[in-house]
Amino acid sequence: MELAFYASGLVAVLATLRVITSTNPIHALLYLIVSLLAVALVFFALGAPFAGALEVIVYAGAIMVLFVFVVMMLNLNAAVTARERAWLGPRTWVGPSVLAALLLVVLLATLQHGDIGRVIEGDTLTAKAVGMVLFGPWLVVVELVAMLLLAALVTASHVGRSVSREADSGRDGA
Amino acid sequence: MTLTGTHLVALLPLILVCAAAITVMLGIAWRRHHAGTATLTVAGLVAALVALLVIWSRAPIEVPLLVIDGLALLAGATILGASLVCVALAYGYLERYPGPREEFYLLLLCAAAGGMVLAASRHLATLFIGLELLSMPLYGMLAYAFTERRSLEAGIKYFMLSAAASAFLLFGMALIYAQTGRLDLAGVAGVFGERPASWGLAGIGLLLVGLGFKVSIVPFHLWTPDVYDGAPGPAATFLASASKVAVFVVLLRLVLATPGFQAEWLRGLLAALALAGMLVGNLLALRQSNLKRLLGYSSIAHFGYLLVALVVGEGLALETSGVYLLTYVVATLAAFGVVTLLSSPYGGGDVAALYHYRGLFWRRPWLTAVLTVSLLSLAGIPFTAGFIGKFYILALGVEAGHWWLVGGIVVGSVIGLYYYLRAMVALYLVEPGMRRHDAPPDWGVRAGGMVVLGLAILVVLLGIYPWPMIAWVTGVEVFTAG
Amino acid sequence: MTWTLPLTFLLPLAGTLILAFSGARLGRRGTTWVGVTSVALAALVTALLAHHYLAAPEARTLTLWRWIAVGDFQPTIGLRLDGLSLTLLGVITGVGLLIHWFAAWYMQGEEGVTRFYAYMNLFVASMVLLVLGDNLLLLFLGWEGVGLCSYLLIGHYYRTAANVRAAFKAFLVTRIGDAFLAIGLFLLFRELGTLNIAEILQRAPERWSAGDPLVELAALLLLGGALGKSAQLPLHTWLADAMAGPTPVSALIHAATMVTAGVYLVARLHGVFLLAPAVLWLTGVIGALTLLAAGFAALAQTDIKRVLAYSTMSQIGYMFLALGVAGFEAAIFHLMTHAFFKALLFLSAGAVIVGCHHEQDIRRLGGLWRRLPLAYVGFLVGGAALAALPLVTAGFYSKDAILWQALAAGHGALLLAGLLGSLLTSLYLLRLIVGIFHGEAGSEGARRAEAGQGLAHGLPLVVLALLSTFLGAWLEPPLGSVLPAPHEGSEGWHLALELLAGGVALLGIALGAWLFLNRRAWLADVAARGLGARLWRLWHHAWGFDAAYERLLVRPYRGLVSGLRHDAIDALGLLPARLAWWLHVALSRTQGGKLRLYAVSMVVGATLILLVMAVAA
Amino acid sequence: MNGVPMAHGLVLAAVLFTLGLAGLMFRRNMIFMLLSLEIMLNAAGLAFIVAGMAWDQAEGQAMFLLVITLAAAEASVGLALLNQLYRRFKTLDIDTASGMRG
Amino acid sequence: MALIWLILIPFLGGLACWQGERWGDGVPRWIALGSMLLVLLITLGLWWQGDYRWPAGAESGVVPWALEWRAPWIPRFGIEVHLALDGLSLVLVALSALLGVLAVLCSWHEIRRRVGFFHLNLLWILVGVVGVFLAVDLFLFFAFWEMMLVPMYFLIALWGHSSATGRSRIGAATKFFLYTQASGLLMLVSILGLVFAHRAATGELTFSYAALRETPLSDEVAMWLMLGFFLAFAVKLPVVPFHGWLPDAHAQAPTAGSVDLAGILLKTGAYGLLRFALPLFPEASQAIAPLAMGLGLVGIVYGALLACGQQDIKRFIAYTSISHMGFVLIGIYAGTELALQGVVVLLVAHAFSTSALFILSGQLHERLHTRDLGEMGGLWGRLGSLPAFMLCFVVASLGMPGTLNFVGEFMILFGSFPVAPWVVAIASAGLVLAAIYSLLLMQRVHYGPPRSESSLADLDGREYAMLLGLLALVLVLGLYPQPLLDTAGPAMQEVQRLFDDAATPSPTTMPLGDS
C-alpha cells in the first residue's frame, strides 16, 4: 500500500510539473487529468475509496471535461502556443519559481520539524462513515454547500452570457 | 445530533435569507420585474432582521458547527443592514442597466447568507463554507456590468486572488486538522493549549493569510484599490462593508476563542501587520485623485487601526471592535452611497475621479453634505461617528500600553486627514465650465437617496450622542461565548 | 486748591482730543487758537498753583483712581506737587506757551497744522504727567508718551524719507533707554515692593546700605534710562538728527523739556543715587565727557539747528555733571535757565530760517543783522546767557552754581572739564552769530530775507530775552524742601571761582570774535589741510559714533532680518510632509495593476508569516 | 514498512500546492492560471484526506467533498470569466485585464 | 442654563444663515449679527449679575464654578456634557462674542459668494471656541477643540483671497488643520493616559476635570502626559518651532477669518495651558517652566525678526502676534499671580489690537486691492481717518503705556521678574524689537513719498464705529483695567496656588495633597 502511495505520488508531481511548464493548453489539460488520476490512486492507497471515486468522477471527469470543452470552443490555433512560448521567457519564471521554492522549503521544514509521528495504516474508511458525518452534525454545511452551488450557478450563467457586440455600451472607456 | 426546535429558531435569520434567495430565483424564472424583485429582497432581509432581533433575548445558542451568540448577532445585524443599503443603492443604480437586473439581488442575498454563517461559525468547515458562500456571489456582483471593461477586470482580479487565498486557507485548515485531529474551534483550542506545535502554527499562519486577504491586511492589500475602483457601485459598497465585517468577526472570534493566538510573538506579528496597514494604507492614498480608490485605501488603513483590537485581545477589545466596525460601516456606506448615486452603469464607468466632484456643493448641497460628513467621519473629526471609533481604538491602545501602535494611529490619522481634506475641499471649489456629473434630479426621493441621507444623519447622531450604540454593543459583549 | 492739579494735563489732553476729532472743521485759525489756549490755560493753572504753593510750601498729593490692584502691586494714578515738580511744571507750561504762540507764526505757510498742534498738546500733557506722577509707573507712562510725541513731531514732514528715518532713530534709541529704565523699575519693585516714589525714597536707605551691589545696579539702570532720554554720551546720536522736525518742536522738545526728563528722573530719585556713589561718579564723568564731545562737535557743524542741538547736548552734560557731584539744586536751576535761553536761541533760529526762506546752512547765510534785527537781538541775548557772560546773564549764575558745587564737592577734574567746556561754548557761539549775521549773504534767500511781523513772532522772543537776563536768575526754584542741601565752602574760594569762570567766558568771546571776524580765511585754510581737515571731519560727524552704531548694530540686524525672511524654522515642518510624499511615490509603484504581481506579493507575505511561525515554534 | 507516515502525505500535498502556486505566478495565460488554482485546491483536498486518514476520522473526507464542490464552482465561474475576457479582449493574456493602477 | 444657550445660539444661527441665503444676501448677515449680539448680551448679563470673587470658605479641593450645567453623555466612560463658567472663561467667552460681532461686521461687503455658507462657518467657529472655553469635561473639551478647526478650514480654503488657482489657499488651510490635528491627537493620548492612571489609582473611570485633578501621578508619567497637553497648546499658541501654520493661514484667510483666527483661536492655546496643562500637572509644569520661558523668549525675538522681513501685510501682523504670544508664554510659566493676571490682560489686549490691525489691513485691501507692502507707502493724507486709527493700534501693539497691551505686558514682566530676572531682562529687549516692527509697519504703509495724489475712499460709518469701539476699549481698559482683573482674579489665584504648591513640595507624600 506504501509502494502504491509513493509511486502515484511521484507520478502526480511529475504530471503537475508538466502541466505548469507546457505551452499547449490541450497538453496541459491532459497532463492534469493524469495528475488527478494519480491523486485518486493515492486516495485508494490510503484507504479512502469514496474520496478516490469522487476525485475520478467529479474532479477528473466533470471539471476537466468542462475545461477541455471550453478550450476546444475557443479553438486556439498554433499562434497561441507560439505566443505562450514567448511569454515563458527565462525572465518570467525565474523569480516566481525561486519564491515558490522558498515557500516549499519553509513548509517542508515546518512539516519535518513538527512531525507527530501518526502513521496511516491504510484500513479503509467507508463512504457510510462519511455519509454519517455529512448528514449528522454537518447537515447545515451540506445545505450551505447547496446555496454555494446555486450562487456559482447564477454567477456563471450571468457572466457567461454571450451578449452581442452592439448591445453592449461600446464605450469601453478607461 | 439532529436539529432540534431551538436550533431551527436560532437559525431562523439564516433560513429566511436563503428562502428569500430561492424565492427571488423563482421570481426571476417566473417573470422578470425589477421593482418586484427589489421589494422581495428587502422583505426577505427585513424579515431576517426581525427574526434576528427576536432571538436576541435568547442568545447564546449552541447550534452544531455554529454558535448564535452576541458577536454573531451583532455582525449579522450589521451585514443585514449593509445589505439593505446595498439593495436600495442597487435599485437606483441598476435602473438604467440594459442587461438582466434581477440576478444582482439573488447574489446579494447569497452573499448576505454567507456573511451570517461566517460570523456565527465555530467550526472550520462552516468557516470555510461561509467564506466561500460570501465570496462566490461577490465574483458575480463585481463582474456584474461585465460589458464594462473595468468591472470585468475587477471581477477577474478578485476571483483569481480570492481563490488562491481560499487555497491557502484550506491548506492551513488541513495543517491544523493534521496537528489536532479536531475541526471545531473549541477542540482545536483545547489541543493547542498555551503553545501550539509547529504544524498548528503554520496552519494558523496560512489561516491568517487566507483571512488577511479578505480583510486586506497589508501584504495582501494590493487588490483592494483596483477592485473598488472597477466594481459597480453597490458591489463595491457591499464588499467594503458587509464582507469585511464578517471576515473580521471571524478573525476576532479566532483570537478570542483560541488562547494559542494570545502568544507573545503572534501578538508582535499582528502588531507589525497593524502598524504596516495603518501607514501603508494612508500613505498610498496621499495624492489619490480617484474617490473610489481613495475609499479603498482608507478601508486598508481603517482595518489597520482595527487590528489593534486583535493585538490587545482582552479588556476593551471586543467592545472596541464592535463600536469601530459599526462606525466604520456607517461612514463607508454613506461615502460609497454618494459615489453610487452619482455614477450610472453607462456613464463611461463610475464617477470616481475627483474632478467630477469639483464644485458639487454649489449644485447639490445635500448630497455634498452627506459626502462631507462621511469623509469627516472617516477622518475621525469629533461630533461624527468616526471620532467615537478612533477614541475607542486610542483608549484601547493607551490602556494596553502599546505605545508603538498608539503612535502609528496618531501618525496614520494625520496623514489620513490630508487626503480626506483634499477630497472634501474639492467638493466646494467652483470650476467654471467643468463637465458636471449630476445625480438624477429626483435622487432625493429615490430609495437610495433616502438611505444615504439617513446614513449621514446616523453618522452625525452617533457622533453627538453615541450612548445607545455603546450600550447596545456592551450589552452584546456580555454573552459572547469564548 | 489741589483739585486743580489734574487740570494741568487734562487741558492739553482736551486740546488734543478736540483737534483729533474735529480738526478738519476748525480751519487754520481755529486750530491754532485751540492749540495755544489749552497750553495757556494750563500755564494759568500752574501760576495759581505756584502762588498757592509758595504761600504754604508743603507737598500736596492727589490720587485720582487706583490704576491696577493685584496682590501687593497697587500703582495708582496719583499726582504729587512739590518744589521740584512745580519748577518743571512752570518751565513746561511757561516756555511751552511761548513756543506754542511762536509756532502759530512759524507754521503759517506749513501743511498739517492740526496734526502739529494735536501732537504738541499731547506732548505737553505727557510731560506734565511725567513730572507730576507720584509713582514710577505713571512716570513711565509720561516718559513713553513724550517719546512717542517726539517721534510723531520729528516725523511731521513725513513725505521725505530722511525725516521718517530720523524720527524712527530717535524713538528707537530712546526706547533702548526706556528698556533699561523698565528693568530698573522691575528691580526696584522686587526689592522694595512699591513703586510710589515717596515710599521708595523712604524704604531705600532702610533696605540697602550705601554701595550695596543691588542698589548700584538699580541706579545704573535708572541712569541708563536717563541717558537715553537726555541724549547723553552712549545714547546721544539721535538728537542731531531730531532737528528734522519743525523748529518750534526742536525748541520745545529737544531743548526745553523732554531732554531734561533724564535730569528730572535722577533728581527725583536722588535718594537711590546717593546710596550708589560709584554710579553718581559715573554720571558726573558721562556729563563731563558729553559736554566736551558736544562742544567740539558744535564747532564743526554747518547747519544752524545742528549747532544748537550739540550745544543743548553740551549744556545737559553740565547738568549731569552737577548731578554727578550731588549738586541737585544747581542742576535744576541750570535746567530752568537753560530752558529759557536755549528756547530763545531756537526760536530766533526759527525766525532766521523762515526769514531766509528755509535756508539753514551757515555758510550761505550772512549780513542779516540789519534785515532781521529782532532775531539778531535774540541771538545776542541768548548767546550771552549760553556763554555765561558774567553778572548780566542768567546762564552765568546757574553755570557758576554748577562749577561751585563741583569745586565744593572736591571734583577738580570735572571742574576743569566745565571750564574748558565754557571756553568751547563761547567759541562755537561766536562762530554761529558771526556766520549768520556778519559778513556778506551767501544765498539768494539770505539776501532777500524779510523779518517776521506780528505779535506771535515778536512777543515770545522778547519775553524769553528778558528771562535769559539776570531777571531769570531771580526766579529761585523752591527746591529747599525736596532736594538735599548743596555743598558749602569758603566764600573766598567761591568768589575766586566766579572771577575765573567769568574770565574764561570773556576770553572765549574775545578769542572767538577775533578769529571769526578777521581771521576767517586762515581758519578755512587750516580746516582744509592735513590734521585740521581730519579733525574737522571727525567733529562734523560727532566723533564717528553714528557710523560705528550703524556698522555694529543696524547692519547686522538688517542682515539677520533678510536672512530669516523665509522662516527657516517653519521649513523644518515640511520635512515630514516631504517624507510622506516620497513614501507615497515609492509605495504607489507597487500598485502596478499586474495581477501576477499581486499574487507574488501574497506569496511573499505568506512566506514571511510562515517563517515567523517556524522561528517561533 | 507499516503504513505511510502522515508527514509524507502532507509533504506530497505541500509540493503539489507550491507547484500550483508557482504556476499561478508565472503563467500569463488565464487557462493555465485556472488550472493552477485547481491544482492548489486539489492539493489542499489531498492534505485533508491524509489528515483524515491519519486520525481515521471521516471529517477529512467530508471536508474533501466540500473542497471538490468549491473547485467545481470556481472552475465554472473562472471559465465564465475567461469566456467574457476572450470575447471582450480577443486574448487570454491576464495582463490586458490590468488597466487600473496607481 | 444660560451656558448651553451660549453654544446653541451660534449653532442654530449658523444653520439659519445657511438656509436664509435663499431670501437674498442680506438675510444671513443680519441673522449672524443678531445671534452674535445675543451671545454677547448674555455674556455681559452673566458678567453683570454674577460675582466672581472667591466664594468665602471654599476649600481648595473643590473647584468653585460660577455657573455649571451638567448632563450625562457616555456613562460607560464617565463622560458627561459638563459646561462650567468661571472668571477666566467668562472673559474669554465675552471676547470671542465681541470678536464674532466684529468678524460679521467687517465682512459685510467683502464676502460676495455664497454668503449663507460663509456665515454658517463663521458662527460654527464660535460654537467650537465657546465650547472650548466652557467645556470642563476633558472629552467634551477635546471634541470642541478639534471641531472648531473644520469651519475655520472651510473659511480659509473657500473664501481666502490668494492666487486664482486657490492652490496656496488650500495648502495653507490644510497646513493649519494638520498642525493642530496632529498635536490634538497627542493631547487625546495624554487625556486617555491620565484617565486610565486615574482609574488605576482610584478605581473610578471619569473624564471630569475636578476628579482628574486629584490623580496622584509619578513624576515620569506626569511629565509625558503634560508634554502631550503642552504640545497641543504650544502649536495653538503658537510657540516658535510649531508656528509654521499661522503666517500662511493669516496670509490666505479672509479678513473675518483672520480676525477670528488671531482674536480667538490663539487664545484657546493660552486658555488650555492655564486651565489644563498647569493645574493638572503642577510638578511637571514647574519642571518644564525654564524651557517654556526660553521658548517664549525665542518666540519674542524670532517673531520680531521675521515680522520686519515680510512683504505681505497680513503675514507681517501674524508674526507680530507670534512675538506677543512669547510674552504670554513667559507669563504663564512664571506662575506668580501678577504674571498670570497679566497674561489674561495681554490676551484680551492682543485680541483687540491685532484684530483691529487685521480689520484695517482688510479695509486697505478693499481700497488698494493689494496686500503687498511694497505697493503701499505715503498713504497718510489719502485715506481720511484710517491712518490715524492704524497709528493708534500700531502704538497699542508697541506696548505704549495707557493702552491695555502695556498693562498686560508690564504686569507679566513685573510678575515674572522675581521668578526669572534674566528672562525678563532679555524679554524687555523685546520691547525694543516691538518698537522696531511696529513703527516699520507704520512707516511702510503710511509714511514716505506717496505713489499718487488721488485720495481714496474714507471709512464709512460701520468701519468707523468698529474701530472707534475697539480703540475706546483699548484705551479705557488701559487706564482702568480693574473690572477685567477682578473677574479673572479668583481663577488665576487658583492656578497660582496649584503652581506654587508644586514648587514647594508639601510635607505629605501626596504631591497634590489637600494640606
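Observations on the structure shown:
Letters A, B, C, D and E name the chains as they come in the text, with residue numbers starting at 1 for each one.
Assume a residue touches a chain if its C-beta (ideal position, glycine included) is under 8 Å from a C-beta of that chain, and two chains touch if they have at least 3 such contacts.
Everything numeric in this text was worked out from a predicted model, so none of it was measured.
Common neighbours of subunit C and subunit E, listed by label, are B.
Between subunit B and subunit C, the least number of touching-chain steps is 1. By number of C-beta pairs in contact, the leading pair of chains is A-D. Among the chains in view, E has its Cα centre nearest the centre of the complete protein Cα set.
Using CA-based centroids throughout, the chain positioned farthest away from subunit E is A.
Seen from the C-alpha centroid of subunit B, the farthest chain centroid is that of C.
Subunit A and subunit E, compared by their mean Cα positions, are separated by 70 Å.
Taking each chain's centre as the average of its CA atoms, subunit B and subunit D sit 26 Å apart. Centroid to centroid, with C-alpha atoms defining each point, subunit A and subunit B lie 30 Å apart.
Chain centres here are Cα means. That of subunit D falls 65 Å from that of subunit E.
Shared interface positions of subunit D, defined as residues touching 2 or more other chains, are 6, 10, 14, 17, 20-21, 24-26, 28, 45, 50, 52, 54-55, 57, 59-60, 62, 66, 70, 73-74, 77, 81, 84, 88, 94, 97-102. Contact of a single residue of subunit B with at least two other chains is seen at positions 125, 129, 132, 136, 139-140, 143, 146, 149-150, 155-157, 160, 164, 197-198, 201-202, 225-226, 418. By the definition of touch given earlier, these chain pairs are in contact: A-B, A-C, A-D, B-C, B-D, B-E, C-D, C-E. By the touch rule above, subunit C contacts subunit B in their complex via residues 580-581, 583-584, 587-588, 590-591, 593, 595, 597-599, 601-602, 604-606, 608-610, 612-614, 616-617. Subunit A meets subunit B in the complex at residues 107, 110-111, 113-114, 116, 136-141, 143-145, 147-148, 150-152, 154-155, 157-159, 161, 163, 167-169, 171-174.
Here subunit A touches subunit D in the complex through residues 1-2, 5-6, 9, 12-13, 16-17, 19-20, 25, 28-29, 32, 35-36, 39, 42-43, 45-48, 50-51, 54-55, 58-59, 62-63, 66-67, 70-71, 74, 76, 80, 84, 87-88, 92-93, 95-97, 99-101, 103-104, 107-108, 111-112, 115-123, 125, 129-130, 132-134, 138, 141, 145, 148-149, 151-153, 155-157, 159-160, 162, 172, 174, going by the rule given at the top. Those residues of subunit B that touch subunit C in the shared complex are 156-157, 160-161, 164-165, 168, 197-198, 201-202, 204-206, 208-209, 212-213, 218-220, 222-223, 225-226, 263, 265-266, 269, 280, 283-284, 286-287, 415, 418. Remark: subunit C residues 20, 65-71, 73, 77, 137, 140-141, 143-145, 148, 151, 155, 158-161, 164, 168, 171-172, 175-176, 178-179, 182-183, 185-187, 189-190, 560-562, 564-565, 567, 569-570, 572-574 touch subunit E in the complex.
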